[in-house]
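Same chain, two partners: chain A is paired with chain B first, then with chain C.
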Partner chain A sequence: MTVSLIFIPILLVILLNIPRLSGKTAYYVALAFFAYQLIAIFIPTFGSVQLAEVVNKLFRLNVYADGISKIMLISAAIVAFTALMTSKSFVKHDSRLFSLSNLMLLAVAGINGIVFARDIFTVYVFIEVIAAASYIMIVLDKTESSLEGGFKYFIISSIATVMMLFSVALFFLVAGGTGFEEISAAVHNFGGNTIILLAIMLFVSGLLIKGGLIPFHAWLPGAYSSAPAGVSIFLGGIVTKTTGTFALIRFFYSVVGFNDNIKMVLLIVGSVSVVAGAVAAITQKDFKKVLAYSSISQVGYIVMAIGAGTAFGIAAAVFHIFNHAIFKSLLFLNAAAVEKQTGRLDVDSFGGLGAKMPVTSATTAIAFLSAAGFPPLSGFWSKLFIIIALWSANYKGFALVAILAGILTMAYFLNLQKKVFFGEVSPNVENVKEAPLSFTVPAVVLCAITILAGIGFYYIIKTLIFPAVGII
Partner chain B sequence: MSYEALMLFKLYLITAPVLFVIGIYAIIVTRNIISMIIGLEIMTKGVTILLAAAGFFNGRPHLMEPLIITMIVIEVVILMIAAGYIINIAKKHNSLDVENIKNIKG
Partner chain C sequence: MAIHILLLSLIIICAAFAVVRTRVIRAAIMLAAISIFVTIVLFVLNMPLAAIFELSVCAGLITVIFISVISLTNPLTVEERFEERDNMFKKFLLLPVLIIICAASFYMLTKGINFIPILDVSEAAEISDKAAMWHLKQIDLIGQIIIILTGVFGVVVLFKDNKDDKK
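Entry: the complex of A and B
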């Protein structure tokens, strides 16, 4: 499973380009691959054993899958599938669809690569693969605002990757290799060494920039809100979560381990992001920007959970990554549906859209409630776990921040829901119809996943999440 | 590590951060988007020197060589994307000034 999920997409990209096929073919091939990934996670031997043998003869790859990887792979497959499906109705030219399908395949190969990596340099390489694909995807429409947002993203995230490379060099200097085991051993042997501390600091700063946490968030709202509709689903749903928070989990949980200072840094950065992201979201006027700031706030929750430093905290963080991937892609999907039907995203110009687009309105409301932590939706359970993890790790003040920030989350989402979907029908949206099936069907499916994951949360944590972090 | 090697190593360890800081400074003060990319390149060169030095002083240059080559390949790809951005921004605004791309507020 491990090797094939990295190599099949790269192979597909090569096959699609030599000879160059049509955009429609590329689109269906990419969708088929994302579906295959979802199946391959549950049936690991599904058509991949033979390929793995061939690849292992040609390359020496240091890859390995564990429980946390599975959850990331499921999220990646679902989000990528939805994102590509949504993009199709926005893309006019066949060649644009072709580029988008190829880039998304490459980005998913990168995500799978990070998830399987057992080597800090491999993590860097795949982060660059994802970043390169997303730089291009953001500006596919070549609008003025997307060039701006994309260029900002480009500069800031390139600085982040250079910082990470710097720390790879320092780790190599001390450990004599870049594998996780070597680095882990080096950290245990000379933990207080200045070079090691500097390396950890640089690597973590790089990951925090990539994840868009608050002191480093300047690129995120511009890039998310100016990207084409389908690409914002992909970016908001999975890209920053993999390159930022998942790599952070891997780095701390499997490589360097926790100590009190590291925990404090993560908790403070996380709680500042939770509060400031939510406050900034209240004041925004653009639908997608509200979602972008809410993304910062939710990533803050994940980082706080990692900062608890316990296995339970990691479990909570992983569960929240999964839930966030689902409800944030649902929200961006509905933003795309609104944009498609009305041609605008300015929150104040709507009103009463709920009567015109009942499915979009209802699914958005459920996603909001899940994000704000309403029982029995899935977001409630992961937030509850985060709070329990913080409380039981004796960070009671931070647990309180996490609880109170839930009210802020509710505030900006209610504000948005009221302005866009409820109230009197505004003259701007008189003739609007419900979005086509290509929007409503994925929305209903994602909505069902949110509800079912909430009701069946016990099954999910018992079979997927607790075994992944070694509880039970 | 002998004393001379240690001194030599310190020289590298000073050079790399200096190049890094020069790059960051260039990105912050410049008003031209091409200069920003050049600043980024200066940073990357600093890191390349550090990578090479780390391989040499650890006594495993053969392990470091493939890493540096991979890194250079990635760097070229990223530069190509940067070139694409610059061409499109220049076409849209007919200038390379950073002021043109400051309309979005974070």
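Entry: the complex of A and C
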């Protein structure tokens, strides 16, 4: 499974370009691969055995997959499928659809590469794959705002790149290699060494920039809100989760381990992001910017869970990564549906849209409730686990911050829902109709996943997440 | 040691010029110059294979790609260039100060650090460049191939004269 999920997208991109096929073909091929990825996780031998045999004869790849990898692969497949499907409604030209499909295949190859990595340099290389593909996707429309958002992302991302590369060099210096085992051994033998501390500090700072956490978030709102609709789903749903939080989990849980200082840094960065992201979201007037700041806040929860430094905390973080990928994709999808049907995203110009777009309104409300931690939706369980993890690790103050920030989350989402969907029908939206099936069908599917993951949380936790972090 | 400091200083100077130049073609040449100095650093550090790759790929191939892309863009007029040059001095007035502050801060933060490997890395050093590249780092090579593919896509998508856009 591991090998095929990196190689197949590369092969597909080559086959789609030599000879160059149509945008529609590229679109369906990319969708088929994302569906294949989802199936291959549950049936690892599904069509990949022969390819894996050939690849293993030709290459010696240092890759592996565990339970956390599976959660990330499932999230990536669902988010990429939804993002590309949504993009089709906005892309007018065949060549643009062709480019977007290829870039999304390359980005997913990058995500899969990070997920399977056993080496810190490999993590760095594949983070750059995602960064390069994301940058091009953000600026694809070549509008002034998208170019500005993309430029900010590119420049700030480059700073993270330099930090991480320098950190990799320092790890190489002290550990004699960049594999997880070598670095882990060096950290455990010489943990107090200044070079190791400097390397950890630089790598974590790089990951926090990639994850868009406060105070490293300057690129995120502009990039999310100015990117084409489908790309916003992809960025908000999976990119920052993989390059930021998943890489943090791998780095701390599988490589360097935790100590009190590391935990405190993560808890402070996480709690500041949770609160400041939520406060900033309340003041925003643009639908997508509310969702962008909300992402900062939700990623803050994940980092707080990692900061608990326990296996249960990691399990809670992984579960919230999955849930956030689903409900944030649903929210960006519905923002795209609103933009498509009304041509605007300024929340003050709407009102009563729920009567015109009932499916979009209902699925948005469910996603909001899940994000705010309303039982029995999936977001409730992952937030509850985060709070329990913090409480049981004796970080009761941070657990209280997590609980109180839930009220802020509820405040900005209720405000948004009320302004956009509730109340009297605004003259601006009088002639608006429900979004086409290409929006409503994925919205209903994502909504169903949010509800089912909430009702069946015990199954997901027991069969996928707890075994992945060693909790029996 | 002196040669290292000299080469690294030249790299920083070229990098600063690459950022502040108003004509992108000159910025691309500065980037090629950086690669040449990095090549010399790698030769001095006894890493000939990496040096050759740096010289051929970064200084050669990448510069060719840069120049081909630049040839697809509209050059600035003489007036625009003078205007940009005037703005450049204002925009980057503080750049030397910033570089000096960053360098001083880095020196102060790291002066107590002994950058000598703790472990005996002689075994790692014995692994040849060829073995490191083709046996130990195959997955990284694949990652870099994907970056190149993505970069090619970026160049094609962002810089080609899109007929669809004009319609």
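Quick note on the criterion: the second predicted complex is superposed on the first by the 472 of 472 C-alpha atoms of A that agree within 3 Å, B and C clash if a C-alpha of one lies under 4 Å from a C-alpha of the other, contacts with A are read in each partner's own complex, and residues count from 1 in each chain.
Note that a contact is a pair of C-beta atoms (placed from the backbone, for glycine too) under 8 Å apart; a residue touches a chain by one contact, two chains touch by 3 or more.
What you are looking at is a predicted structure, and each value in this text was computed from that prediction instead of being measured.
Chemist: Which partner does A:Ala40 contact after superposing on A: first (chain B), second (chain C), both, neither?
Modeler: Touch status of A:Ala40: no partner.
Chemist: So in the superposed three-chain picture, is A:Gly177 touching just chain B, just chain C, both, or none of them (first/second/both/neither)?
Modeler: both
Chemist: Check whether A:Val469 is in contact with chain B, with chain C, with both or with neither, and answer first, second, both or neither.
Modeler: Neither partner.
Chemist: Using the superposition on chain A described above, determine whether A:Ala315 touches chain B (first), chain C (second), both, or neither.
Modeler: After superposing on A, A:Ala315 lies clear of both chain B and chain C.
Chemist: Quick one: is A:Ile238 in contact with chain B, with chain C, with both, or with neither? Answer first, second, both or neither.
Modeler: Touch partners of A:Ile238: none, neither chain B nor chain C.
Chemist: Go through the superposed model and pick first if A:Glu128 touches only chain B, second if only chain C, both, or neither.
Modeler: both
Chemist: Just to be sure I read the superposition right, which of the two partners does A:Val139 touch: chain B = first, chain C = second, or both, or neither?
Modeler: Both partners.
Chemist: So, does A:Ser99 touch the first partner chain B, the second partner chain C, both, or neither?
Modeler: After superposing on A, A:Ser99 lies in contact with chain C but is clear of chain B.
Chemist: In the superposed arrangement, does A:Ala371 touch chain B (first), chain C (second), both or neither?
Modeler: Neither partner.
Chemist: If you lay the two complexes on top of each other, which residues of chain A touch chain B in one and chain C in the other?
Modeler: The overlap between the chain B and chain C interfaces on chain A comprises residues 121, 125, 128, 132, 135-136, 139, 142, 173, 176-177.
Chemist: Which chain C residues qualify as touching chain A in the complex?
Modeler: 110, 112-115, 117-121, 123-124, 135-140, 142-147, 149-151, 153-154, 156-158, 162, 164-165
Chemist: Residues of chain B touching chain A in their complex?
Modeler: Those residues of chain B that touch chain A are 16, 20, 23-24, 27, 33, 36, 40, 43-44, 47, 50-51, 53-55, 57-60, 63-64, 67, 70-71, 74, 77-78, 81-82, 84-85, 88-89, 92, 101-104, 106.
Chemist: List the residues on chain A that touch chain C in their complex, please.
Modeler: Within the complex, chain A contacts chain C at residues 6-7, 10, 13, 59-63, 92-96, 99, 102-103, 106, 109-110, 113, 117, 119, 121-122, 125-126, 128-129, 132-133, 135-136, 139-140, 142, 173-177, 186, 189-190, 193-195, 198.
Chemist: Give the list of chain A residues in touch with chain B in this complex.
Modeler: Within the complex, chain A contacts chain B at residues 121, 125, 128, 131-132, 135-136, 139, 142, 144-145, 147-152, 154-155, 158-159, 162, 165-166, 168-170, 172-173, 176-178, 217-222, 226.
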